[in-house]
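Heads up, the next two complexes both have subunit A, just with different partners, subunit B and then subunit C.
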Partner chain A sequence: MADMTVEAGAAAPTTMPRRLSEGWFAWALIAPAMLFIGVIVAWPLAETLRLSFTDANLGGEHWVGWANYQALWDSSPFAQTIGRTFYWMVLSVCLKLILGLIGATLLNAAVPGRGLFRVLVMPPWVIPIAIGCIGWLWLYNGHFGMLAGLAQRWGLIGGPFEFLAYKQSAFYSAIVTDVWVGTPMVSLFFLAAMQGVSRDLYEAAWVDGAGRWYRFRRITIPQIMPVIVSMALLSAIWTFNSFEVIWILTQGGPRGATTTLIVDTYKTAIGNYKFGEGAARAVVIVVLLASFSLIYLFFLNKVNRKYGVK
Partner chain B sequence: MATLDLQNISKSFGAAKVLQDISLAIQDKELVVFVGPSGCGKSTLLRIIAGLEEATTGQIVIDGADVSGAHPVDRGISMVFQSYALYPHLSVFENIAFPLRVQKMADAEMRKRVATAAEILQLTDKLPLKPGQLSGGQRQRVAIGRSIVRNPKVFLFDEPLSNLDAALRGDMRVELSQLHRELSATMVYVTHDQVEAMTMADRIVVLNKGKVEQFGPPMELYHHPATKFVAQFIGQPNMNLLSGTVKGVGPEGLAVEVTGGTVMTLPVEAGGTRAGDKVDVGIRPEDIGLGAGLRMNVNVLERLGGQSITYGLLADGARFCATLDGDAAVREGEAIDLTVDPADCHVFNANGDVLRRLKAPELTR
Partner chain C sequence: MMDKYTRLQVVGIYAAIFVFLLFMLLPFIEMFMTSLRPLSHLFRSPYTFWGSDFTFEAYSKMWTTVPLLGRYIVNSVYIAGMVTAITMVLVVPAAYAYARLDFPFKSASLSVFLGVNMFTGAVLLIPLYRVLRTLGLLNTYWAMIVPGVAFLIPTGIWLLRSYLEKIPRELEEAAYVDGASRIYTLRRVVLPLAVPGLIVVGVSVFIGAYAQQFLFAITFNQERAYQPLPAGLFEFIGYQSVNWNEMMAAALVGVLPVMVIFLFLQKYLVAGLTAGAVKE
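Showing the complex of A and B:
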């Protein structure tokens, strides 16, 4: 017993400082990253939260408690904006996923010139969004745009038609452009997932007599389902926050027809200098996106379990 | 079940000739193993039979019907893949039932067939599980189950045991042989493992560089290899080959001078060989015993229990291997004297073709 005590006592001075220094070393390693995250994420988030309880504007700020949130809650235009944002997001994401899946399937098919098609699908994603959107502005132009020109030539419309001047057409035009921007990446992610599916699975199914559609339905889709779910969430977040497309095409107009939450927040905070009210809107966005992420994690786990992904 | 005839099958990928004029007649209920080194074309030949590849020339005839251009389903074949090709998102039941669902078979009949296959393969309690929850051997059985439910005319196996560890491979070998007997099915089995080929096959096809080197029962290939390639491929450890010169030809065989000036009279047919011709003398390690004859310096000794495998060099520097008794008094670094019965020797002419042995053992299957 006495020996053991002596040994423990003797060991302590050599191991304790080492443990301590290892701990400090570990903290030193992650400190830059923590500092970075603190400066660009945590502090702005905390500041936004604080501002949302004030009436901050160019003239100063006063604590107003929940007043900004109460105003949002009572505002029917804001409720409409939320509804419009969700409609925008669901429609755009669904189109991106469907077109992305079709595109990936075509790009994965053993057709001549497949490599060229894979390159051609990239431009919408590769060129800056602003440049792409300015191109679409021209396409939608009633007098000089190609769409109106073709529609007139084919007799679909009687005269010039400004796609971005009317509420409904502006909204759906913005969706078309957003889908054009977002689909290539979805397609490439799906293509990568499809290429990861073992060729043996298809050959085994083919030997068993499964046709093309059957193989797609019972092998391809289940095998890439985790990627589909992941892309659905990422795409939903990006589309929810999509600002450039709407701002360049319509600036949220006409008469608010294309104003989504993020555009509304920008207009309030930056356009009208109502930083406090803008911050409250930003907090609502954060809460909604956090909810998406939680739902996504729940579904992803479920899908992974169902489709045998570890 | 059915017969399978391959008639003049050739396959080229661009300029590369992978298979050259292969003709084989596989009988009903026979288990034939295609064996050969990597790149010899054995898997390609199997895929051509399955309909996954198209032969450049030649016909595939199953049960008298030319199925060369037919879909795999219409050929009446089923295939077990090296990777098992199980659908990870489907249960064992659904994996086995997959081909039947494709056929839109009635539910009751499908369940009956899956249950029967599962019972044969001892998978009944695993039916609700996913492939990821099974061991390697169980996954292999599920893949076989998927083949069985279709009642195919010919079963095709593409290196089905190569992903298993050695112990499990041994067990599965026995199970597959048993399954073959139970199903009385025509089976074609591809492997690069000559032990699998020897233990399971009714007949073995040895392929090399896209050509059939020999097609026959395992013990025929062992005792009467047609070529030097087959002789070296079949048997474990590999057959020793000693360069020799024919000194004389007589009714009792050839007098051949091998390493160190030793002249042996080997009982083989002369087959046009004359005095002065160069030949190779093949000696299987297991035909060698301790005794005066060849002197070998032992470099490596492997004690396997029942056997001791010794590797070393002969006086002229030729590498040599002998399988001795487990307790043989041999040590690494020492020289030992080895002897062999001339009747056990194989002789190959300069083209690598065998000179037929006169005193080979009776063939057993």
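Showing the complex of A and C:
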């Protein structure tokens, strides 16, 4: 097919047929990937929507209309879960961005050994999240883990402290681990953006007597703002969907304190075999994330325009 | 000069870097320390940071405690390798189309791909489970490979596209003038030039594939012989006692394959990953 199109183009070099054949050729190149996504992502997505209107479980399924959604709407634990999920997302993303910015600045400092430091930041991102979380699981162990152990020896706490056994501490411990997972990638992208900022800007400011903090605030931050804003969206989506960290550390406990939407969905659908109710939760996730992203992209366009990025 | 630091500033920077790296490496330090402790020492109170009885025994005993451990590590590498191969076959032509060709629904279809990034497997698990059951793939390697590919295609297209855009067009145009077909040009002109980019994308897909196995493994695969390492590690829990020291040793040994690949290629990887993102 490709050979024919080129011949046709060569014989009659008008624009229209050539463009048309380019279109067919392009779609032939994309089709396999698109088909794959269609079967493994798009179709299940449509199926999730259908299932959310049924009471599907291991026994079978019946159409129940909006009943699943009505139940979610009426359920106060579910409202709490949504609130908790957004709190989880906002807190964790803010910490990732702040730490990422600090990390990138440190790794960008012209001191000997920075090549090595840059490599040493990456392991949390390179290894499977599940494996990193096993390390954290032991760190948080109240009797035998390093954190509680050292804190006891230094007299910071009186006795063993199980980080994952209490509602508050479990939640914030999970946040710390999630931040640990996400920070290297954020640092890396900020670092690359910082390296892309023209040195002339800094030198001009330096000649004018601007200090480091001033240059950071007035040159670095505005220049890398588009990257900060797009990383914020990406990591918000990932953090919202963060499953393994919570599942391995607490499985959503204690008493639901770390149950975010994604964990709740998994528990309902896979843990309790309530496929229909789980699907309704999944649809809520998709709707929330999609509307969040759209609002955010609108905002992103404004920021990009403000900072003169195309 | 502008970049000159005072001695105090240098000390401050190093101190801050130390704290930052300590946070990043803390779980690894803990895993290593735990792997060195004999079981009797592990559950000893009060906590001691360093013990005279530290040994590497766990690194040899773990293979008998969980006899399939070696198999799990091989499975992990095999699954990630297959995911990478299939993803690359699908991504290369698509990325080329987005980088070079002009066609109807170009940006719309690209948004569809990128939109996939919004879902994790967890949202789609139920119907995905049924799709895989219909295709007869449950409890096989494919149960972990197929969903893995789907969720890595978008990133792959995105990264490779920005790489391909940097290859000068003139070479392809020269090939067309000489009468080469589009497929021929893609295969013999573009791909050889894109090898560094293909390596970067391939390695990052491999790392992604190695990292994401846990969820698919615990949901779609019950067959122990096919289990990848992140899921298999949990077998150390639930024998007569929890052999935490061996579990940590196994975890550290299990991440060696990706760490080695990463260390060899990190320079290209970091540059290649960020190039696409920063340009715009």
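Simple rule for what comes next: the second predicted complex is superposed on the first by the 279 of 310 C-alpha atoms of A that agree within 3 Å, B and C clash if a C-alpha of one lies under 4 Å from a C-alpha of the other, contacts with A are read in each partner's own complex, and residues count from 1 in each chain.
In this section, contacts are C-beta pairs under 8 Å (C-beta built on N, C-alpha and C of every residue); 3 or more make two chains touch, one makes a residue touch a chain.
Given the structure is predicted, the values throughout are model-derived calculations rather than measurements.
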item: Clash or fit, subunit B versus subunit C on superposed subunit A; value: fit
item: Touched partner set for A:D200, first subunit B, second subunit C, both or neither; value: first
item: Subunit B versus subunit C as contact partner of A:Q223, first or second or both or neither; value: first
item: First, second, both or neither for A:A104, with subunit B first and subunit C second; value: neither
item: Winner by number of subunit A residues touched, once subunit B and subunit C are compared; value: C
item: Which superposed partner A:L95 touches (first subunit B, second subunit C, both, neither); value: neither
item: First, second, both or neither for A:G209, with subunit B first and subunit C second; value: first
item: First, second, both or neither for A:I246, with subunit B first and subunit C second; value: neither
item: Which superposed partner A:A174 touches (first subunit B, second subunit C, both, neither); value: neither
item: Touched partner set for A:V186, first subunit B, second subunit C, both or neither; value: neither
item: Shortest span in Å between Cα atoms of subunit B and of subunit C, once chain A is used as the common reference; value: 6
item: Contact residues common to both interfaces of subunit A (with subunit B and with subunit C); value: 203, 206, 309-310
item: Residue numbers on subunit A that touch subunit C, as the complex places them; value: 2-3, 5-6, 10, 19, 22-23, 25-30, 32-34, 36-37, 39-41, 43-45, 47-48, 51, 56, 99, 102-103, 106-107, 109-111, 117-124, 126-132, 134-136, 138-139, 143-146, 148-150, 152-153, 160, 180, 183-184, 188-189, 191-193, 196, 202-203, 206, 226-227, 230, 234, 237, 241, 243-244, 262, 265-266, 269-270, 275, 278-279, 282, 285-286, 289-290, 293, 309-310
item: Of all residues in subunit C, those that touch subunit A in their complex; value: 2-3, 5, 10, 13-14, 16-17, 20-21, 23-31, 33-34, 42-49, 89-91, 93-94, 96-98, 101-104, 106, 109, 112-113, 116-120, 122-128, 130-131, 146-147, 149-151, 153-154, 157, 176, 179-183, 207, 210-215, 219, 229-231, 233, 244, 247-248, 251, 254-255, 258-259, 262-263, 266, 270-271, 273-275, 277-278, 280
item: Footprint of subunit A on subunit B - complex, ascending; value: 50-52, 71-73, 77-79, 81-83, 85, 87-90, 98-99, 102-103, 130-132, 146, 150
item: Touching residues on subunit A, where the partner in the complex is subunit B; value: 198, 200-201, 203-210, 214, 218-219, 222-223, 225, 306-310
